[in-house]
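The same chain A turns up in both complexes below, where it pairs with chain B and then with chain C.
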Partner chain A sequence: MLGYLLRKLLHSLLLILGVTLVSFALMVYFGPDQTYKLLGKSASTEHIQEIRQQLGYDRPFIRRYGEYLGDLFTLQLGASNSNGEAVSDILKRTLPVTLALLVPGFILGNVLGVALGLLAAWHRNRWIDRIISSASIAGMSTSFLIIIIVLQVVLCTPYGLNLFPARGWQVTGLASYLNYVTVPSLSLVLITLGYNTRFFRAIFLEESGREHIRAARAFGASPAQLMGRHVLKNSLPPLLTRVLFSIPLVIVSGSLLLETYFGIPGMGKITFDAITNGDQPVLKAVVGLTAIMFVMVQALAGMSYRLIDPRVS
Partner chain B sequence: MNSAPLPPLDLRIATAMTSRVLSAPASRVWPRLRRDHAGLAGFGLVGLFGLIALGAALGLAGQDWSIASGGRWEPASTMHWFGTNVLGQDIFQRSIHSVRLAFEIGLIVALASTAIGTLTGALAGWHADSWADDAVVFVTGVLDSIPFYLFVAAVAFALKGNPWSMHIAMVATFWTTTSRLIRAEVMRLKQRDFVQAALAMGMPVSLVLSRHVVPNTIHILLAQAAIVFVAAIKSEVILSFLGLGVQNGVSWGLMLAESTQEVLAGQFNNLLAASIPLFLLLFGFNLMVDALQNALDPRQELG
Partner chain C sequence: MDGAPVNLDPAQASDLYTKFLVVNLYDTLYRYKYLARPYELEPNLAEDLPQVSPDGLLYTFRIKPGVRFIDDEAFPDGNGRLLQAEDFVYSIKRHFDPATRAQGAWLWQGRIVGLDEWKANGAHYDEEISGLRAVDDRTIQIQLIAPFPQLTHTLAQGFAAIVPREAVDYYGREFAIHPVGSGPFRLSRFDSAGASLLRNEDFRAEPFSLQEEGYNPITQGAFGLESLEGKILPLVDRVDIEFIAEDAARWTTFNAGQLDFIKVPVSQFDQVLKNRNPPQLVDELAGRYHLLTSLESGFVYTVFNMDDSRIGYHPDPDQAVRNRALRCAIIKAFDWKRRNEIFYSGLGKVFPGVIPPLTPEYDPGQDRNSVTRDVADAVSLLNNFGWNPENLPTLEYGLPSSVTERQMFEQFRSFMSAVGYPQEKIRPLTFATYGDYARAYINREVMLITSAWTMDYPDAENTVQLFFGPNATPGTNTANYNNAEFNRLYRASSSMQASPLRTAVFHKMNRIVIDDCVAISGISRTLVMLWNRNVAMLPDREFVGGYFFRFVGVTDTTDREH
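== the complex of A and B ==
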């Protein structure tokens, strides 16, 4: 057990090093140069040198990366280049918005996916399975942008039902929260549902083909018992892996897309703006935190196997 | 390339033996495909769009996409089937021309990702538990841990101005899945008798890999290439919306990005003209992938 944990820890540390190295190189080292943005017109050579020194552009790659790792582990995130706001304050401000935006849609997308997957697997090759399977392929074939635009037109404009605001995030209470979160959440559900349903159906099908399911059926287990107690429970390891692993990806990619589109001031929008502006302190923080989050999720997945599945030791 | 000595006799026998192993599933592919009506419909749709793309590439269709042939936001008419955009360009012509770009992006990204994925996957799978294997597994693990849009946006931005930045960004993220699948399959195939026989007869490893191992992963390669094709086209839309995609020219992504502003003013022509063909092409591809996976998987029994 101790050996397993040590190996996991070493693996996680290496992965954090790798992910931060690649991200740092891409987003910070090769990212946009902010020197001339911070300078006025006709700046002197010394002034340029001074700014470059301040931003760290004059130091070699390895040193900059090393300093970055040091800052990350001591949680010294610095202040944004663009407006001087402390990065920790930016994260405190934007992370709750992103979570409030994505959590409902993420949960709903997975719960619906599991339910539809079970239904389709139970009615394998009958019309109900065919409808669910075709619909999930159709969902996978629709561009995320089309889903968002169409939902926006249907729900938020006078050309459709005009029930919700088309953009923005002015949340003061539950009513305004529901008002602003509904359309982005529905978008997220429709974006993920096709992929989720298809994946869950496949793992449920694989499980329901096994001998013990046939045995349980022969002993007279009802469909609900079969699917719930036997198929669903035994499919938990791959199911949980997928859900856990999709958390960091959905949080970063989903928020990037939804927040940019709906003009919501969350992590995704901040990150995208930081990429295009070259706001290094913000990027460094996001990149580092994402890497750590991902590695933690992987470790969590490994451990949850041991809890759920007695065969793993 | 100088004259290579003729392979020894036993090697030729081994080749003949294994080529029979290979051709067996191939003869079962067509009967399986023929009964898969949804899959055939998928092939049909993809073929149709392929012809349109070819037509646009050869200058037979969609050539007037950049000419302002009408007024601003003209409604649909017999002249302009989907009306005109804000600059008075014919939206239908633009959509047709976009088919070519979609195929160009899809093909380039799919071919490059498959090539890199096959090479690294075969190398890692054959030399399992060597330093090369560790390196490949580590790099794929790292790349998969970076959220896709963040990574693609960063690559696209770091290479901004380079017309290939979008393609490079996609290939850099998409090859890892192919590599991981091929690695697992090569590890499995290496244990098989026909591979061990070829090795025992003294066939060079490079020849064993290229003749006996990699061809037997074709069911993974074809399906995975088609999956990457779909992913590339979908990503182009998002990247173009974010301003990191197609720079000059026209694509469904750019048309949709244009429409995000227009739909609030009640202009739906760009949205319709881009989303309908985009959906049909992707739907066709996804049906085709399903059919390919079912028909080519050697473990799948007939019936």
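== the complex of A and C ==
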């Protein structure tokens, strides 16, 4: 196990170096140039030079990349170029909000996806499967934006049920949390459920067709035993892979629409603003930490495979 | 608000949204009267309008007594101290300190004796500037290099807001998110989704006077403002501002009853308005909301990059004449009526040249040929000057990436098709962000540049300077236009006080720009604003801008659900 972990660690470090190098090069050479955002209405050549110097754009790439790596590993993330706020403070402020926003919908979306996938797989090609599959395709085909707006209109306005706020995040306790998180969570569930169900159904179908499942069925195993003990358990590696690998993506990009449309001050919006404004300190931190998160998730997935299936080496 | 500020440092208050907040958190010497139209300057922190020497070079300002900064840990004992004339001097100096990354220096650059030299000498704050000084605790003097009649207007900008040095030193770069001012409100929340302002309990007790603010009972009588007469400003304890850039989200939130006020998205005009002329709300909204349609102060326009020899200046005089004919043909082929109908719901105001309708110098009777489509004339110009589909240059039309911008480009291309301009010779140059687009046109890499100019003060000088030769990019003259006669007139007008004579000079300059076919210009957009009937106010996004928050009154709070 130790050898396995060391191999994973080395592999992870190389991966982090690769990801950060590519993303930093993209930021520097293709990302927005914040100089022109900070110029104001009327500028002079001298003013442009001053700002470029302050932003460090005039320094060699390798030096900047080296400093970036150093900052990342020491967690000295600097300050936003847009308003001077320490990047670590920005993350401390926004990451908990994003997690609180996404966790319920993320869990519910995956649990429901597994349940519906199992149900559809068990009833393969029968009407239950057809209904679930058709609904999944309908869900996948519907624009995220439409789902959010329809839920807002139905649940948050006087034209509908008017049960929840359409916008905001004034969370002071459990009641206010539920008040603000319900509609975004429902939106996230509806956005992800179609994809999850289709994916999980395919895994379960593949597993259901295996010899040992047929044998168990012949020995008289109940549907619950078959799907729970045999199909679900043996499908765990690909299932975990999908769930774990979607965490960083959901946190960084998945929350953007929800935060934007529900007025929630989380990390997705901050990242989007940093991209459009070319705020490199914020962007570098988010990209670097996301890369680290991906690598950690990968290591976690690898270890969990070993726990689930001892044949994995 | 339909956008979000990221920074509340007055030195960086270049966009509308930042200005809205800054002028509520800080004081400026002047502001614009809340209700007077045309807009009029009004003393804010200043006691009165400035005393100006006969030669127009020396301005003396007195500030009101007893004005305090809010309590903040930046001050030695946490108690806000008295605001003094020296704070104003410090605040203007900051614009010339490179470390501030200020964006407002252009307002005073080359205008105030010793200020540019102060920067050149290293921007040491303890070093005095002869043209910018605090005579005593309440008196400020500004000595100009040459007359600058717009000086007082510049002191009504967010850039001119007064900050205490202790707070800047204490918070460092985070001063941008820790405002410490003396305005009518203090900040209680600020994040990417919104901001909350709380009444500054120490704000000077000034009563609301309809007469002093320029109230017009005929045009403003329906807004319930009379009930607020004599009340102490600010009129509400708290203002919550939601930053909602997405039209659909803003509209849904308004419909949910979570907003008292909204600038209606153009996409909703048909749902909101029963009639356009005069604008009238549909019946189901009329009982619940006040409606105001208001013309923006600025305008949208497209300029030709005159530095590009394919369409602008050319060393060969004959080719230069042909290029002018080509530009004029493009202008004649442009259909402002369609542009207005499709993208501005027909509510925009199209005007010839570069002096928009909201400026005092606007001439409503001027010749409208430059904004009237004439396909036959455009074709004839092209033919007469030897242009044909083979030798027409490829037009490179710059745009930041967005659906609307792309649609505008396609419409432009269709207008040009009508005069025989081959579609494949009109290419979009798309940029991922506005910053990238700005970089390209500042570096003179874009042939046709479409942008919007938001006016800083109600004076046509603020728009004609867009074509003054020495202001070429990286300055505001994105057309890189350079006409000797225009430049001469601009220089002559720059020291003239507002007068019929100066207006005539501006009209001449406007004519020169039109005759040289430098710009496809322009349109001022109409804003449609709705607000709850229980809120007594006259919202403004132009020169009064965020200053109107202090005058907002709520007459009934019973139907507020959220």
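Going forward, the second predicted complex is superposed on the first by the 284 of 313 C-alpha atoms of A that agree within 3 Å, B and C clash if a C-alpha of one lies under 4 Å from a C-alpha of the other, contacts with A are read in each partner's own complex, and residues count from 1 in each chain.
We adopt the following convention: contacts are C-beta pairs under 8 Å (C-beta built on N, C-alpha and C of every residue); 3 or more make two chains touch, one makes a residue touch a chain.
Worth saying up front: this structure is predicted, and the values here are computed from it rather than measured.
Of the two partner chains placed by the overlay, chain B and chain C both lie in contact with A:149. Contacts of A:82 after superposition on the shared chain: chain C is touched, whereas chain B is not. In the superposed pair of complexes, A:157 makes contact with chain B and with chain C alike.
When the two complexes are overlaid on their common chain A, residue A:234 makes contact with neither chain B nor chain C. Touch criterion not met for A:192: it reaches neither chain B nor chain C. After overlaying the two complexes on the shared chain, residue contacts for A:277 are found with chain C alone; chain B is out of touch.
Of the two partner chains placed around the shared chain by superposition, chain B is the only one that A:249 touches, whereas chain C remains out of contact.
After overlaying the two complexes on the shared chain, residue contacts for A:166 are found with chain B and with chain C alike. Of the two partner chains, neither chain B nor chain C is touched by A:182. Judged by the document's definition of touching, chain A residues 32, 145, 149, 152-153, 157, 159, 166, 260-261, 276 lie at the interface with chain B and also at the interface with chain C. Contact residues on chain A toward chain B in their complex (touch as defined above): 14-15, 18-19, 21-23, 26-27, 30-32, 134, 137-138, 140-146, 149-150, 152-153, 157, 159, 166, 248-249, 251-253, 256-257, 260-261, 271-272, 275-276, 286-287, 290-291, 294-295, 298.
Within the complex formed with chain C, the chain A residues making contact are 32-45, 47-48, 50-51, 54, 79, 82-86, 93-94, 145, 149, 152-153, 156-159, 162, 165-169, 259-261, 263-265, 269-270, 273, 276-278. Residues 4, 6-9, 12, 14, 98-99, 101-106, 172-177, 191-194, 242-246, 248-249, 252-253, 255-258, 432-436, 438-439, 442, 456, 471, 474-476, 562 of chain C are the ones touching chain A in the complex. Interface of chain B with chain A (complex): residues 38, 138-139, 141-143, 145-151, 153-155, 157-158, 230, 234, 237-238, 241-243, 252-253, 256-257, 259-260, 263-264, 266, 268, 271, 275, 278-279, 282-283, 285-287, 290.
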